[in-house]
Each structure stands twice: as C-alpha cells, then as structure tokens.
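Going in written order, the chains are labelled A, B, C, D, E and F, and every chain counts its residues from 1.
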Amino acid sequence: MSMVFITRKERFNAAHRLFRPEYSDEQNLKVFGKCSNPNWHGHNYTLHVTVKGEISEKTGFVTNLKELSRIINEKVILPLDHRNINLEVAFMKGKLASTENLAISIWQELEGEISGLGATLYCIKVEETENNMAEYFGE
Amino acid sequence: MSMVFITRKERFNAAHRLFRPEYSDEQNLKVFGKCSNPNWHGHNYTLHVTVKGEISEKTGFVTNLKELSRIINEKVILPLDHRNINLEVAFMKGKLASTENLAISIWQELEGEISGLGATLYCIKVEETENNMAEYFGE
Amino acid sequence: MSMVFITRKERFNAAHRLFRPEYSDEQNLKVFGKCSNPNWHGHNYTLHVTVKGEISEKTGFVTNLKELSRIINEKVILPLDHRNINLEVAFMKGKLASTENLAISIWQELEGEISGLGATLYCIKVEETENNMAEYFGE
Amino acid sequence: MSMVFITRKERFNAAHRLFRPEYSDEQNLKVFGKCSNPNWHGHNYTLHVTVKGEISEKTGFVTNLKELSRIINEKVILPLDHRNINLEVAFMKGKLASTENLAISIWQELEGEISGLGATLYCIKVEETENNMAEYFGE
Amino acid sequence: MSMVFITRKERFNAAHRLFRPEYSDEQNLKVFGKCSNPNWHGHNYTLHVTVKGEISEKTGFVTNLKELSRIINEKVILPLDHRNINLEVAFMKGKLASTENLAISIWQELEGEISGLGATLYCIKVEETENNMAEYFGE
Amino acid sequence: MSMVFITRKERFNAAHRLFRPEYSDEQNLKVFGKCSNPNWHGHNYTLHVTVKGEISEKTGFVTNLKELSRIINEKVILPLDHRNINLEVAFMKGKLASTENLAISIWQELEGEISGLGATLYCIKVEETENNMAEYFGE
C-alpha cells in the first residue's frame, strides 16, 4: 500500500505578546524586542496541517478533507481566531506565545482527533509572517 | 512629458479592536462582530503607496524609491509596527481603527512629505487580510 | 466627505468550455483552441468585488464586509462553485463562458444588492489563472 | 559527494468529478459532497516535481531543468491540461480522480523517465487549491 | 456595448545597472546606490499588459489572449529575457534602465501591435521586485 | 524535549551567468542555453534557512530570529545582494553559479555561525524563479 501525505491550510488572526511576567518591561524589551510591547501586537497566522495515511479504496482519499478541516476549525481556529493568544486561549495558558509553542500546542490539540479519522498527524507548520515560520513533527 | 505611477509596498504587524467606547460589549459585538473582542486581535497589514510624477531626465526615476521607503517607514511603519492601533498610534487617536480610516490617516501622514520629493501621492491601499482591503485616492 | 474603495476577494472552482453550438468541434478548436475541449476543463477562479462609498461615522466602514461577503456568496459563489458554468449557471445561460462575460454577468447579479448596502459597485475583477484576468467597471 | 534536491513547478487546468460509478448521484453526494457534481467542476492544479542527485562537475546541475521540464510536459502536463481527468487521461482510467491518486499516477509516469536523466524522483506534490494538497514519496 | 479590461501577465529575467556614463563610479553610487554596481545585478521582472475593448459577439473575447501573449513574447519578452537590459535591448538603448523607462518603452513596443488586434492598450505595469513597481497609461 | 524547525526567509537580487571558461560561447550555449549569455542576466532570489533545535524554556524560542536574520544578512545577503555572483562573491569563486552550488555554498557559510546560536542548520533552500529551486540538507 502507498503512503500519501495530505496538507490542509487554514488561517487565524490573533493578538499576542512575547514576555515573561516576572521580568520588567525593560527586561522583556531586551530579550523579546518589539514583540514584548505590553499593549500587544498581532498577526495573520497561516496554519498547515499535514497528515499521512494509506488511500481508501472506497473514496480515493487518505482522509476526508472536509472532516479534517472541520476538526482543525473546531479545535484550533475557533479558539485562536480574533483572540488574544496570551489571555484567551486555554491550550496556550502559562506558555510563552511563540510560534514554536503554538506549533507544539496545536499538535497536541489535533493528534488524537486526527487518529480518529484513520490518518496520522505528520507535521504542524505555523507561519507568523511571510518570513518566519515554525514546524513540529511530534518528536 | 510622461506621467508614471510608482508603487512601494511596506508591511506592519499590529493589534487593534473595532468598537465604540460608548457601547456595551454586547452592542459592540452586534455591530462589529468578533473584531470587537475587548482583548484585541491583530493582523499582518500590507501597505501600498502609489505616487505619480514625470520621470527625471537625470535619474530615470519619478522619485527615488529609497527616499520614498524611508519616509513611509518614518511616518507610518515605525508608529504602527508591533503596536496597538487603538492605544498607541497618535494619528489614529479617537478614530475607529477600521481599514478605511487607516487608509485615510496614512494618506494624511504622507501627502505633504511626498510632495517634498517632487511627486504627487496618488493612492493608499491597505490590505488587512488576503481577502479584505481599502483604497483611498485623496478625495 | 471622503470616498473610499473596499475590495472583497472570494473564490470558486468550476468547469467550463468555450465554444459556439453551431460550430463543429473542428471550427471550435480553430477559434477557441484547447479551451473548446467538448469534455470540459476547469479553473480555480478568484473574484475581486470593489465597492465605493463614504465612511459611516458610526462604524468606520464604507460597508460591512461580512454583509458584502454574504451577498457575494449567495448571488455569485453558490451558483458557480463546483458547477459547470455552461450547463448549470442561470445567469450565464446562452452566453459564451469567457472571463469577460463572467465579469459582466457577475456585475449584473451584484449591482442592485450592493446599492442596498449603501455603497456603489465599482469594479468586478475575475482571475481565471494567475496570468489571465478580466475587469469590468459597469460601462 | 553532496546530495541536492531540485524542484520544478508546472501547472495544468482540468475538469474532474469524484464519484463511484456504481453509486447513485445521492450516494455520491453523501460521500464526495459537491465534488461529485455529475456535470463536472475543475481546478488550476499546481504540480511540484522534486528530484535528487549529485551535482555534475561539468554543469553544476543535478539535472538539466529544461530536460526535466520537457519530460514533465510531455508525460504529464500535455495529457492533463485542458482535459477531463475522468474521461480523457489514460493514466487515470478506472481510478478515483482524487488529488492523492493524481500524485501516485504522476509518480508512475515520471519515475522511469527521470532515472534516464541521471537523477532520482523524490517527491510529487499536487496542489488542487491553495488550501489542499497531496504529496507522494514513492513508498 | 460594454468596455472590458483584460490583463495578461508575462515574466522575464534580466541583468541591468542604473548609472550615467558621464559620472564616475562614486557619483553613480551616490545617486543610484547599490543599483549602480558596475558588474551588474538582476531581477525576475513581472510584466502586466492591460488592454481594453468591447466584447466580440462571435468569441466572447475582448481579444484572443493567445494572440496577445504571442505579441508580448515576440516584441518584449524575447528581447528582454535572459539579457542585459543596458547592453542588449534595442528599445532601451541610450535610456536609463529604470523600471519607469522600461514601462514606457514596453508601451511603445506594444501599442501599435495591440491596436492591430482590435483592442486598445490601457496600462503597462512592470514589477521589479515584490515591493517596487511602475505603471504607465500612455500619457 | 521537543525538536522544532524554524525557517527564516530572506531575499537577494543578483546577476549571474552559467558557463565554463574553457568552452567557446557556442559550446556554452549548447550546454547551458540562454543562461550562458556572456552579457549576464539576473534574478530575484529567495533564500529559506531552516534550523532545528529544542525550545529554550526562558524564551520559548529555538533561536532568536533577529539574531538568525542578522547572521544570514551579514554572511550571505550582503555579499550576494545587487552583486554579480560570478565576479564578486568570494564564496562562489571558481564554482559554476548554479542554484545547486549556491545552496551548498550558503550552507558552508552559515553552518558554523548557526551552531553558535545553539541551533543546528537543517536545510538551505534557494529559489531562483517561482518555478525552479534547489534544497541542500548538508549531506
């Protein structure tokens, strides 16, 4: 049987701030630069979810992309879109709101749901700007 | 003499909120939807500044793009980038932080500076997401 | 008062064929090339709808983009998406399924609805591929 | 010696339908959604062909990209472009016209030809829309 | 009758240098910056040619895009692609190789040919990088 | 601990020529096509640098992207941007100026510097045009 990789792209717009609460604003500025602005800033994030699996003989699909999109939207986009990542997103509570941590936390939200679709989560890619992105492969 | 239009594209990432301070959160939600989130959200904005003018015989340019870029950065990108548009941007004070108002306010910041370059500001285009944008031609 | 132009981008995927029913397949091939394939071909179309108007003091908007998007989806995307433009789209019946005719027909579908939003339809742009597009300004 | 990966991007526009001939239209609609439309729909597909190999000392190339492009066009783009994938493409006969099956079938068409260029086929990526894509690595 | 605008996008890759031959390298550096490098640099240029006209009842086209593309390639892309704009392009001889001058010169090469297609040249847009572009409307 | 991959995208515009000095222009034309033009041509290159590493508990980063960007600019972009790759770039001296060799040479320039950031260089991707690119993984 052949292994095929399927990627679904979704988007969310959110505010965030990079900072450690125990630091002063000056210390945060030194470590995190303008991303530490106490008044927040934000991004149009792009999320790429890649799953792998064998093709179903019945459908020609690794997995139904509508189902995959529904799960990503329910578990990840709905909690993140038009939100403040630091203040309002349960799965980011207590974590630094970096692109790296977003990728790992989104993996954790999706891994179980996707195995329920008969496929295996392979990669979470989060693009913060057109120049910066993080990828996590679950290891 | 020939009239040529030159466009320079710049980017800024910012937080904002659409709301009227005299409304309750419920009223704001009804009018502005999820864009009224009191905890802010944000975007990667793209700004296109178009100027028009005749070509200088000496340089082959309508205007020096490095100069144009420097002015846009000083007057517009520096105050907006990694900022909260509602709280921190002097030229947006007291205005609804819509894409439309951003376009008009950026025009007002740049018009005089650009005429100092020997060119005429023609259009300000602000893209908030890949699907939504506003253009203002100064009228 | 200031006039601002707002653009909303939407997408649809459709099949079509360029041909005249009174021509033979050979004649159609000669005039329309591979676009005349009797078994159809298709595209991911991108639609840009530009409206103009004055900014509402209450909302900071020319028009509510969610309302604009809802109207475009109801009147244009729903009838076109995942459809055969020649066989299934009422507003293209009896017309050559060219990008030009799509732009004009989409204008006709949207013009009245958009004036109901308090804005004026300004331009319909239809991109058939990344290299080919048509724009119609209602004249 | 160093292993380098080279990717060539090509495009084709085609019509297709997702369905099982033994199902009724209602059953197909239930399984495949609007992609099962009996009147077809279509896409601007993007194809990325990645080959790997060592760099030739004579040319500095892994493989001549003009040759690679010629082979992809002859074997894959010519049969697919402006065609109906279900009805007219020999290498898709009897297969569900999913992005997954396209990726595997394109691999099979290209693998032998590319080894004739002194390189090894590494990945076939097919983008159906900007949000959906399939990748196949030959295993 | 309705006026529709059609745009065809083509590409060329070329080397150039911005300089005045009567200046020293130091003077050129002062006026043109790093674009004056005597050893040349280069770009992937994108050219957008917009024509306007009424739709032919016979074809549904303003003009045949294959014909338009053939003319652009013969008159503009072939002389520019993989060339040195300063040294090898007849229609740029003796002109500063700026994006502005490219736009005007390409207009002059195409205007007559396009009127032979029954359409009117409306705009030449030349993108030098993703951030810089020039547009010329023939006036 | 989790391994995350971070990619930073930078750009440079340069002239080059593909040729062997011991060949005649005719021989070079036969092997390298129009890329062998003795008067040079050029491109807007896009460079993607991917590094991998564990997330710092202190910062939430694999590595500080500002530092990474500074290193890429100092070691790679500054020597390449607005330059002639064959004549002016020390780390390309005596090498064929192919995309493949660029990828390997950029790897060699960056590998040591990036390990100084506490991360590991994983992939260098160089895009010469939107259709052609090379990737090198250090092996």
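Worth pointing out:
What we mean here is this: contacts are C-beta pairs under 8 Å (C-beta built on N, C-alpha and C of every residue); 3 or more make two chains touch, one makes a residue touch a chain.
Note that the coordinates shown come from a computational prediction; the quantities given were computed from them, not determined experimentally.
Shared contact partners of chain A and chain B: not a single chain qualifies. On a Cα centroid basis, the chain most remote from chain D in this structure is B. With centres set at the average Cα position, the gap from chain A to chain D is 28 Å. Distance between chain centres (mean CA atoms), chain A to chain E: 42 Å.
The distance from the centre of chain B to the centre of chain F, each centre being the mean of the chain's C-alpha atoms, comes to 34 Å. Each of the following residues of chain D touches two or more other chains: 130.
The set of touching chain pairs reads A-B, A-D, A-F, B-C, B-E, C-D, C-E, D-F, E-F, using the touch definition from the header. Those residues of chain F whose C-beta lies close enough to touch chain E in the complex are 11, 13-16, 34-35, 37, 39-44, 81-84, 87-88, 129-130. Those residues of chain B that touch chain E in the shared complex are 2-10, 55, 58-62, 65-66. Contact residues on chain A toward chain F in their complex (touch as defined above): 18, 20, 31-33, 95-101, 103-104, 130-137, 139.
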